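Pasting the structures in now, so scroll down.
In what follows, subunit A forms one complex with subunit B and a second complex with subunit C.
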Partner chain A sequence: MLLKTNSLRWAGLFAAALLLLVLMSFSIVYGYTDTTWKMAIDAFTNFNGTNEHIIIQSVRLPRALIAATVGASLAIAGVLLQSLTKNPLAAPEIFGINAGAGFAVVITVTLFSISNLQVFTWVSFLGAAVSFIFVYIIGSIGREGLTPMKLTLAGAAMSAMFASMTQGFLVINETALEQVLFWLAGSVSGRKLETLAAVFPYLLAGWIFSLIIAGKLNVLSMGEDVAKGLGLKTGLLKLGAGIVIVLLSGGAVAVAGPIGFLGIVIPHLTRAVVGIDHRWVIPYAGLFGGMLLLIADISSRYIIMPQEVPVGVMTAVIGTPFFVYIARRGFNK
Partner chain B sequence: MTAGQAIATKDLTLSYGDTIIINELDLEIPKGEITVFIGGNGCGKSTLLRSIARLLKPKSGAVLLEGEAVAKLSTKDVARKMAILPQSPSAPEGLTVLQLVKQGRYPYQTWLKQWSTEDELKVRNALKATGMEELKDRTVDSLSGGQRQRAWIAMTLAQDTDTILLDEPTTYLDMTHQIEILDLLFELNEKEKRTIVMVLHDLNLACRYAHNIVAIKDQKVFAQGKPEHVINCGLVKNVFGMECEVTIDPLFGTPLCIPYGKGRCILKGQGL
Partner chain C sequence: MKKYYNLRLFGDKISFLVNRKALITFLLLAAASAGVFVISTGTGEMKISPLKVVQVFFGGGSDMDRLIIQSFRLPRIIVALMVGMALAAAGGILQGIIRNPLASPDIIGITGGASVAVVGFLAFFSDKNNALTVSINWMPLAAFAGAAILAFLVYFLAYKDGVSPIRLVLIGIGLASLMKALTTLMMVFGPIYQASQANIWITGTVYGSNWDKVAMLVPWTLMFLVMAFILARNVNIQELGDDIAMGVGSTVQKYRFLLLMVSTALIGGAVAFGGGIGFVGLMAPHMARRMVGSAFGALLPASALIGGILVMAADLIGRTLFSPLEIPAGVFTASIGAPYFIYLLFKTRNA
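What follows is the complex of A and B.
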């Protein structure tokens, strides 16, 4: 680990928070429409209705805020999932959360012909929640209750089921394909601030609650039996962590669609920096997650200018080599 | 050292699904002594230990800790009275010995009181008692088997309980480290009068260290008492299904069990 003492960790946390703010400013200032730092400041202090000011206020600002909050939420959800399942490759997409959300959106488009992004928000939140609840219940059946292996298997199965049903619906209905394809790739652009505001309370609750249970997750990480022996109510903690995961990843997918790899990559990166204490890992992962999604989003604007690469593709491009690295390094090494 | 019982079971029945493991067991475990559960593989001795530690819910009956039903106490209250070291526990990668031992203070932490000087003191004492002070900043996964087990025992000591349960604490250790761990537990019992209850596979070491031996067979306690009173050929034959001679340990005078079987016999004219 990089930061060995608590004072270094506090300093690092402060630095990471600052860097996140800097990246958010970059996200507001740099893009296809030429804007300057002065314009950006004027847009908020001295709004004059020019195109640039409108873009900064109604396009760039929501985009920066969404990238930061969605990135943070996905990363924290990844931390919780990896610790709940003791599986280093665990992330929201592996537990059917993204697939469930995607399926719900596709159903809405094909069966009800609704293609409103606001509606997508709630529909996908619901899909994510329903899917994870299914996974959680299936993973809890049996004598030992919820075990990492059963949870992982149930997640993989649900994920496969929802993904194939989604594809089935899309093959039948081509117009739906066009409408949901961009959503399915994941993006933080073209969303209104209201979309974020609607989901933000859930994300905030998830952040706070994940910090509250951080110390208990440390105890659980020593194994179910040891944790119970120390007086931890493991069933209750796992249920609580499950709810937080639904709030965070459901909320994130509702705003930005399924964005992959962030939930896998960031927890590992964070542990390399601050070690394995969840009380540090969770806040750091939040900041790092926000930073990575901001970087991915900013770079997505410059690759095939004037067009944009969906940010979900960018995180995958950054994440895949890392994913392979972790898989090769082995499960418990 | 007859200060009453630390743990008792009343009509305790344990099962996995429909398979009964332990049937209507009444058992008393004396306070301040070392009690060792012995029995063949799959006889339910570990299951019994886990159930006493509330890791396994009984099908019926109760476990009493200092006279109170464990099921009725809050789990943190139990954790302040009784520690459990499960069989081959595994620490997450990167956890240091100090971090591990600190977790032993979890039952004492509340929202208002996160970490006190008393916690600090108990952790330091636990590291000292197990000789882990020098290694406290090493990660648990980098330690040898014996050191790792001492680190885990340090965690249960930090829990500061009168009773410590250990499920096969010497598994996977070589003979030197088996003795080292058992000596450590013996000293803890001698010096601090802690009640120690453990499952051991090595009958001879059980006889040497235990004040009280509990032999389990057919869902019941087959025999219980001082090793020198209960261990004999008949018991070993019954409990383990093994023919043996029981003689006296030349160093300690405790029972020593020598199994019959095949092997190279180099005694003249006495092939078995």
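What follows is the complex of A and C.
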């Protein structure tokens, strides 16, 4: 634990928020089109319709906002999932949420020939929710309840299932492949602000609600029996947390497509900084998640310029070594 | 009636305990695969009756029939059979050593490694006009290398005072998702023509098989199937759990490594020629287990045959049902496999 006293934590939270804003402005200023800080400020205060100003307003700004919100949502969803399942490897994509959303999008494109990003949003939301519920049920029925191993396997298997069905549809319909390929890679670019606006209420509700139940999650982390003994309605709490997770991760995947590993990496990082108190972990994780996705997004512009690496690939590359590290360390420490 | 026969060869150097029921099941399955083989050979744009097909096998039949069967259909069906057998046997071995009924080549990422290699091959070795700069015949090698490298990587990363099944599967899953990200990355950057070609390969198809491929795949697969069969009793011991296996005197880690390598070799060969045909390695061993029980010596051949039947049937459906459109076999194995998989998840919920 890095920050031991509450005053330090408040200061840290403030610093993290500031850093997030700095990264957002970096995201707005730096990219393929040469822009300067002055131009960026002018674009908002003194808009003159030049190419650079248009790019800043209609491409870079939405992109920065989306990266920050999506990152925050995925990270918070990861925190909730990990404490709910007592599984250090739990994360939205482990529950097959990305694969479920991807499958839903591909079905809409192939069967209904709809290729509108707004429609994708709702469809992927639905796919994510269905997949989450499925994996949770499959992973938790049975004698031992929800074990990390069963959950991970159920999720991986559901993902494999959705993925191969997705491929099946794409093989039959090649034009659909063209339309969804970039979505399937996971990216925060090329999205309009309206897409974000459509799901933002859900994300916001998820953030607020997760802060409200943070204290109760602390009690739950002492163990189911203790929590019940202390008068906590654990069933209700789990249901509530489940809904929040679906809101956050479904909303995130709806805007940005499948972005993996953020939900695994950030909660562990955050706990190393502020300890295990959820009332601190959740806001910190949100800020860190936004920061990490912004960094990944900014660096994705520079790696193979002038092309861009989809940010979902970046997070996978960053996250996999971390995943392997946690898997090697084992579950009980 | 005795349940087991003792089979001893070469002055007791080799001996088998043959279960009567398993033997009968095995013979029935062999007959069934032969049946599917013949029917599949006879079905297509031009229908040939099973009797004539058999005649051709023994050197008879009309010239036309011989041409169609020998140069077009037979290689493809043999490849389908071998791919199915290899995937199913490898799936059986993996389920045995990981001690989890849901383990399969797709899930622990070995197929994913092969996919990245193939997509990368298509992306790197082609010029601006989408033409490959090297022979397409190298693609199987790339696929195999990808599968092998990933298997080693999984093994290596899971190694910590030996390899525990849980670590093996978790790290496999982790790497599988990285492989998926990399595959998508290369597909996004490749021209769309290649993206769809790669996508067909990832889904799995035995389209475009020829005798050269058969000549490579058959010896490879049969060799490792025999090896798997020889190692079968070690799978039985591994299934008891590490402690008991060590207690009865098995060198657990050594055999776990050997078995993993044998299954990787099988998977590598299969994906090299058949692409990522999914769910066969998962389904076939389960079906076999219901028929012959879980003694691995009986399970392995039975599951290999079932795998062969599955892929042959999937390919048959894929090339006839929507003719002249060809649907990759992997679409059908997935569409049978996925519901079966959900059923399995529900059934094994108490295991």
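Quick note on the criterion: the second predicted complex is superposed on the first by the 311 of 333 C-alpha atoms of A that agree within 3 Å, B and C clash if a C-alpha of one lies under 4 Å from a C-alpha of the other, contacts with A are read in each partner's own complex, and residues count from 1 in each chain.
As a convention for this text, a contact is a pair of C-beta atoms (placed from the backbone, for glycine too) under 8 Å apart; a residue touches a chain by one contact, two chains touch by 3 or more.
As the structure is a prediction and not an experimental result, all values here were calculated from the model.
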* See if subunit A has more residues touched by subunit B or by subunit C, and give me that chain. => C
* Just subunit B (first), just subunit C (second), both, or neither: which does A:Asp297 touch? -> neither
* Asked: After lining up the shared chain so the two structures overlap, which partner does A:Lys233 touch, if you call subunit B first and subunit C second: first, second, both or neither?
  -> first
* Asked: Which partner does A:Asp277 contact after superposing on A: first (subunit B), second (subunit C), both, neither?
  -> first
* To do: Using the superposition on chain A described above, determine whether A:Gln307 touches subunit B (first), subunit C (second), both, or neither.
  => second
* subunit A positions touched by subunit B in one structure and by subunit C in the second -> 143
* Enumerate the contact residues on subunit A facing subunit C in the complex. => 89, 93-94, 138, 141-143, 149, 152-154, 156-157, 159-161, 163-165, 167-168, 170-172, 174, 177-178, 181-182, 184-185, 260-261, 307, 309-310, 312-313, 316-317, 320, 323-324, 327-328, 330
* Touch list for subunit A against partner subunit B, complex -> 1, 143, 215, 218-219, 221-223, 225-226, 228-233, 271, 275-277, 332-333
* Parts of subunit C lying in touch with subunit A, wherever the complex brings them together -> 100, 102-103, 106-107, 157-158, 160, 166-167, 169-171, 173-178, 180-182, 184-185, 187-189, 192, 195-196, 199-200, 202-203, 278-279, 327-328, 330-331, 334-335, 337-338, 341-342, 345-346, 349-351
* To do: Write out the stretch or stretches of subunit B touching subunit A in their complex.
  => 16-17, 50, 53-55, 74-80, 83-86, 89-95, 99-100, 103-104, 106-107, 109, 159
